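What follows is subunit A paired twice: with subunit B in the first complex and subunit C in the second.
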Partner chain A sequence: MNIAVCIKQVPDTASQLKIAEDNKTIEDNGIKYEINPFDEYALEEALRLKDKDNTINITVISLGPERVKQSLTKTLAMGADEAIHLQTDNSINDCMVIANTITNEIKKKQYDLILFGKKSVDQDNNQVGMIIGEINGIPCISNCSEFAIEDNKIVANREVEGSVEVFEGEFPVIITHEKGKNELRYPSLKDLMAAKKKSINTIDVDVNDNKNPELIRLEYPKKREEGIIIGEDKSAVSELIRILREERKLI
Partner chain B sequence: MSCILTVIESKNKEIKNSALELLSEARKISSKRNLDNKVIIIGEYEKNNSTQINEFGINALLTGSTDKISKYSPELYRDSLLHTINELKPEIILFSGSAIGKDLAPRIAANIGYNLVTECIDISIIEEGYEIKRPIFAGKIIQTLRFNKTPIVVSLKSNSFTIEKIEENEISIKQIDVNVSEDKKLPILREIIQPQKEVLDVSEASTIVSGGRGMKEPENFKLIEELAEILNAAVGASRAVVDAGWRPHSEQVGQTGKIVSPNLYIAFGISGAIQHQVGMINSKCIVAVNKDKNAPIFKFADYGIVGDLFEIIPELIAELKNK
Partner chain C sequence: MNNLTSSNEEIDMIKDVIKDFGENEINPITSDIELNSEIPSSILEKVSELGLYGMLGSSEFDGAETNFSTFIHAMLELAKYSPALSALLMFQNVFSVQLLTKYGSNEQKEGMLNNLNTGKKLGTALIGDDGSTLNIRNLNTEAMDEGDSLSISGNKKFAFNGEIADYFIVLCNIGKELGFVVIEKGNQGVSIGKPINTVGLRGNKSVPVSFYSCNVPKTNLIGLPENTHKIINSIQESSWLGISAISTGVMESALSQAVKYSNERKQFSKPISSFEAIQSKLANISTDIETSLAMLEKVSRLKDKGEDILRQSAMTKISTTEMAQRNTKQALLVHGGYGYIKDYPIEKTVRDAETLKSICDSNDDLRLIVSKPFIN
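Let's turn to the complex of A and B:
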C-alpha cells in the first residue's frame, strides 16, 4: 500500500505575529516554523499503519520555500520512506494553486491513501483536501479523528457537531484529519541525524498566488480591554450573577 | 436578474439555527446588489415545522428534501447542488461554517471554477464585487480580500453576523430533483455515533462553560457539566485536559481545537495561553475564575474572580438554582 501525506509548514502556534510595513505580509523575523499540527496527526496515523505492516510505503509531500526541507527531514526521521519537496520561491496560500500543483505530483504514483490535515493553522482555509478529491475524482472523507483499514476498506470517523459519522469506502481515498486520539511521536536525535543524510526529492515548481481575490490589507483584531476583578472568593458570585443577568442580559 | 444562492441545512426536519445568520446576510446582499434571493435546503425539511424562514425576504426556496439524502453524503449533496447552480448561475453562493458547509463548499467551488473564501466575518459590497474580512492564524490577524470578479463562493464563520428579521412574506417553494446515483465506490455513511446524552457542541452554543488544568481531576468536570446544564451551555476544555485524556477532543477550544465566539464564555482553571486565547477571544463576554491572579486570562476577561473554583462553582450552581 502506498500512502501520501501532504504537509504544510506553518509558524509555530505559540508565535506572536507582526504585520510588516506593507500591511500585507507577516514579518518573517524570529518566526519558528513547524509542521502544521493537523498534518502531523495525519502523518502519525500513517506511521501507525506502517508500524503494523512494514510493506506500507509512506511518501510525504510539501509545497513551499527552501525552509520546508527542515520539516520534511523531520518526517523522514519519524519514519516516512520518501520526501518530496515541491519548491517555490514564496509560500503559496491560494488553495486552487496548491491543489493543482499537488495533483500533478500525486498523479505520478498509484497512491491508495492520501492524507491531509483538516486545515492549516496559518490560513485556516479548510479546502485543499476536498478540492484535490474533486479534481481527481477520488472520494474524500473530511475532518476524521480516526480511521482503520478493515477488509481492504477504509472506515473513517468524521467529526460533526455533537456526533461522529462513520464512513466506509474503497481505495483510493483521501482523508483530511482532525486532531487524532494518538500521541505524536518525536524523533530521537539519532534518527534526526540519520534523516539528514537521506535525500529529499526536490522539484522546482513555478507557481504564484492568483491575484483574485486581491489581498488588500492585514490588521490586528480589536484588542480587548482589560476587565475588572469582581472579587477574591465566593462572596463575589452574587455580584457576577447580577452583572450577567441584569447588566449584560446573558443568562 | 442574477441571484444569490444560500445553502442552508436542516436538522430533525427544521432549519438549523446557524441558517438564520446566513439568511440575514443574504437578504442584505440581495437588496444592495439587486439580486434575486434564493435559498436551497438540502436534507429533510417540513415547512410546517417552522415559519421563521418567511422573515428573511426570500424570493424562492428550493428544497431537495427526500429521505434518500436524510443522511449526509458529500457526493449526493454536491450533485444536487451543482444541478441547481448550473441552472441558476448565481453571482454569489453562501454556505455556513458548519461541518457540512466546510466539507461541501470546496467541492462546489472546485467543480464550477468559482473562488471560495471560508470563515468570513464581514462582507461589504463594492462597485465591482465584494470585500471580505476573515481571520487568519486562528484570529491573530484579520485579512481583507477584494473580489473584483464574481461569481464567488463564501462560507460564513458561525456567530459572526447579526440575525435581522423583516416582515413575513410569501415564499415560492420548489422541489428540486435529487439524482441519487448508485455508485458502489462512493463512501457511505455506515452509522452515526451519538453521545449517550445529547450534548450541545461548542461551535453552536451561545454559552460555553470551560475547564482547564485547574479542575485538578477529570471527575471534577461533573461541576462544569452541572453548571453547563443550568445555563443551557456547552462544555468546553483546554488543550491540556484534552491531551491528558480527561475530556474528548470535540470539546477542545483553541488553535488545534475549535475556534468559538459565543455570547458568554466562562473559563474555570484555564490560564489563557495564546493557543487557547485565540480560540475564544471573540466571545462577546468572557468570565474567568482562576486562583492565580497573574494568569494571562485576566488580561482579556471582562470579569474575573481570583479564587478557588471548587468554592465558586458550587456557589454559582446554588445561587442560579435559587434564582
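Let's turn to the complex of A and C:
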C-alpha cells in the first residue's frame, strides 16, 4: 500500500507574528517554523499503519521554500520512507494553485491513501485536500477524527454535533484529518542523524499565485478591551444583566 | 530573537525535538520533580526513546553519534526545562558513553555500549575520592593485583547518577599507576549510600559508594595505564563544558521567567518592563547568555576538531557558572518580593545555578589550571 501525506510548514504557534512592511506577509526574521499540527496527526496515523504493516510505503510531500526541507527531514526521522519537496519561493494563497501543483506530483505514483491535515493553522482555508479529491475524482472524507483499514476498505469517523458519522469506502481515498486521538511520536536523535543522510527529492515547481481572490493586506486583530469592574456585591448583578442585554446584546 | 551565535540545521532540528519534549512532557511535572526529588520513570523511558542517553555513542552500538557541539546544544536546550535531567544525561554521556566509546576495548564496547546508549543501563565514572576530578594524587582507592583479577577497596563520596547507575567506572591506584576499572552494581562488596540531599538540581541523585574487596577480572580495566591521564582530561573538559551548557540553559530559563513576569506585573498602571531599571537587568542577563553561547560554541568546535581544550573548558565553566549564579539572582530581583515565594519557579532556578557552580570541580581549583602557564 502506498500512502502520501501532504504537509505544510507553518509558523510555530507560539511565535509572536509581526506584519512585514509590504502589509501582505509576516516578517520571516526570527520566526520558527514547524509542521502544521493537523498534518502531524495525519502523519502519525500513517506511521501507526506502517508500525503494523511494514510493507506500507509512506511518501511525504510538501510545497514551499528551502526551509521546508527541515520539516521533511523530521518526517523521515519519524519513519516516512520518502520525502518530496516541491520547491518554490513564491508565496501562494490560492488553494486551487496549491492543489493543482500537488496533483501533478501525486499523479506520478499510484497512491491508495492520501492524507492531509484538515486545515493549516496559518491560513485556515480547509480546502486543499478536498479540491485535490475533486480534480482527480478521488473520494474525500473530510475532518476525520480516526480511521482504520478493515477488509481492504477504509472505515473513517467524523465527529459532528452530538454524534459520530461512520464512513466506509474503497481505495483510493483522500482523508483530511482532525486533531487525532493518538499521541504524536518524537523522532529519536539517532533517527534524526540517520535521516540527514537520506535524500529528499527536490522538484522545482514554477507556480505563481493567480491572485483571485487576492490577498490585499494583513491586519492585526483588534485588541481586546480592558475589562471593567461593575461592582463587588449583589447590586452589580442587575447592572451586569443590563450591560449584557442592552449594550452588548448578548442575552 | 536573533542570536549572535551560529546555528545549523542539525542543531536546530534536535533543539526543536527537545523543545517539544520539554514543553509537553517536562513542564507539566516540574514541581513534582522538585517536590519528590525524583525524575519519574515515565520521563526516563521517553528520554530513552528519544536517544538522549547515547548522543555521543557510535551508531554501531545504537548511539546517535552526534558531534560534541550538537550534544552541548541539546544539553542546553534540555536544561531550560529540567537542569536535573540535563545533568543526568550529561553524566551518562560523558562519564560512561563517551569514555567507553573512545577508550573501551572491543569486548567492553560489545558488552556494555548498546545498553548504555539506549539507557537500559546507566554508568558513571568515579575519579577523585572526594568527588572532584582534579584531586587524584592522594587517592585511597586501591586495586590489588590478584593474578587474573583485581580486588578493589575504597570510598568515593560523590557518584553522579550513582543511585541509578549499573556500572561504576572507578579510578584506583594499581601499584604505582592509576587505572579505571569497571565494577558492576551487583558485584559483591559494592555498597551504595543514601542520596545526597542537594540544594539544587533536585531529582539528580548523587550517592556515596564504597567498595570492599570487590573482585573483578583484569579485562575490566579500561585502556592502558599510560592513557589514564588522557581519559581523565577527556572527562574533565567534556564535563566542564557540559556544566557550562546546563548553566547557560538555566540562564535562558531565568531570562524567560523575568521577561514573562515583568510584562505581566503592573506598577503605576504600567508593566514593570517599561521601567529602565528592569530593562537594564533583562539586557544584562541577555548579554551574558550570548557571551556564554559564544564561548561554549567556540570551545566545543575546537573539541570537535580534536584540539587540546583543557584550559578553555575550565575558563568556560568558571565564566558560565558564575554568570548563571549572578543572572539567576538578577532575574529573582525582577520578581521583587514574589521572587522569594515558592509559587514562582525562579527560586528553584537560583538554587540550580548555585549547585552547578559547585559541582564538577570548584571554580577556585579551575582557576589554578587557567593560571598555570603564567607561573614560573
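Please note the rule applied: the second predicted complex is superposed on the first by the 226 of 251 C-alpha atoms of A that agree within 3 Å, B and C clash if a C-alpha of one lies under 4 Å from a C-alpha of the other, contacts with A are read in each partner's own complex, and residues count from 1 in each chain.
One rule holds in what follows: a contact is a pair of C-beta atoms (placed from the backbone, for glycine too) under 8 Å apart; a residue touches a chain by one contact, two chains touch by 3 or more.
Since the structure is predicted, the reported quantities are computational estimates derived from the model, not experimental observations.
**Student:** Determine, under the contact definition given at the top, whether A:Asn29 touches first (subunit B), second (subunit C), both, or neither.
**Tutor:** The answer is second: A:Asn29 touches subunit C but not subunit B.
**Student:** For A:Lys74, decide between first (touching subunit B), second (touching subunit C), both and neither.
**Tutor:** second
**Student:** Looking only at contacts as defined up top, I'd like to know whether subunit B or subunit C touches more of subunit A.
**Tutor:** Partner touching more subunit A residues in the overlay: B.
**Student:** Give one of first, second, both or neither to describe whether A:Ala194 is in contact with subunit B, with subunit C, with both, or with none.
**Tutor:** In the superposed model, A:Ala194 contacts subunit C only, not subunit B.
**Student:** Which partner does A:Tyr186 contact after superposing on A: first (subunit B), second (subunit C), both, neither?
**Tutor:** Second partner only, subunit C.
**Student:** Determine, under the contact definition given at the top, whether A:Val155 touches first (subunit B), second (subunit C), both, or neither.
**Tutor:** first
**Student:** Would you pull the subunit A residues touching subunit B in the complex into a rising list?
**Tutor:** 11, 13-14, 16-17, 19, 26, 37-38, 95-96, 99, 121-128, 130-131, 133-135, 139-143, 145, 154-170, 173, 178-179, 181, 212-221, 224, 226-234, 236-238, 240-241, 243-244, 248, 250-251
**Student:** Using the touch definition from the top, list the residues of subunit C that touch subunit A in their complex.
**Tutor:** Its residues touching subunit A are 1-2, 9-10, 12-14, 16-17, 20-21, 46, 49-52, 54-55, 59, 62-66, 74.
**Student:** What does subunit B use to touch subunit A in their complex?
**Tutor:** So the residues of subunit B in touch with subunit A come to 71-72, 74-75, 98-100, 102-103, 105-107, 109-111, 115-119, 131-132, 134-149, 185-195, 198-201, 203-204, 207, 231, 249-250, 252, 255-257, 263-264, 273-275, 281-282, 284-287, 293, 298-308, 311-312, 315-316, 319-320.
**Student:** Can you list the subunit A residues touching subunit C in their complex?
**Tutor:** 29-30, 32, 34, 70, 73-74, 77, 186-194, 196
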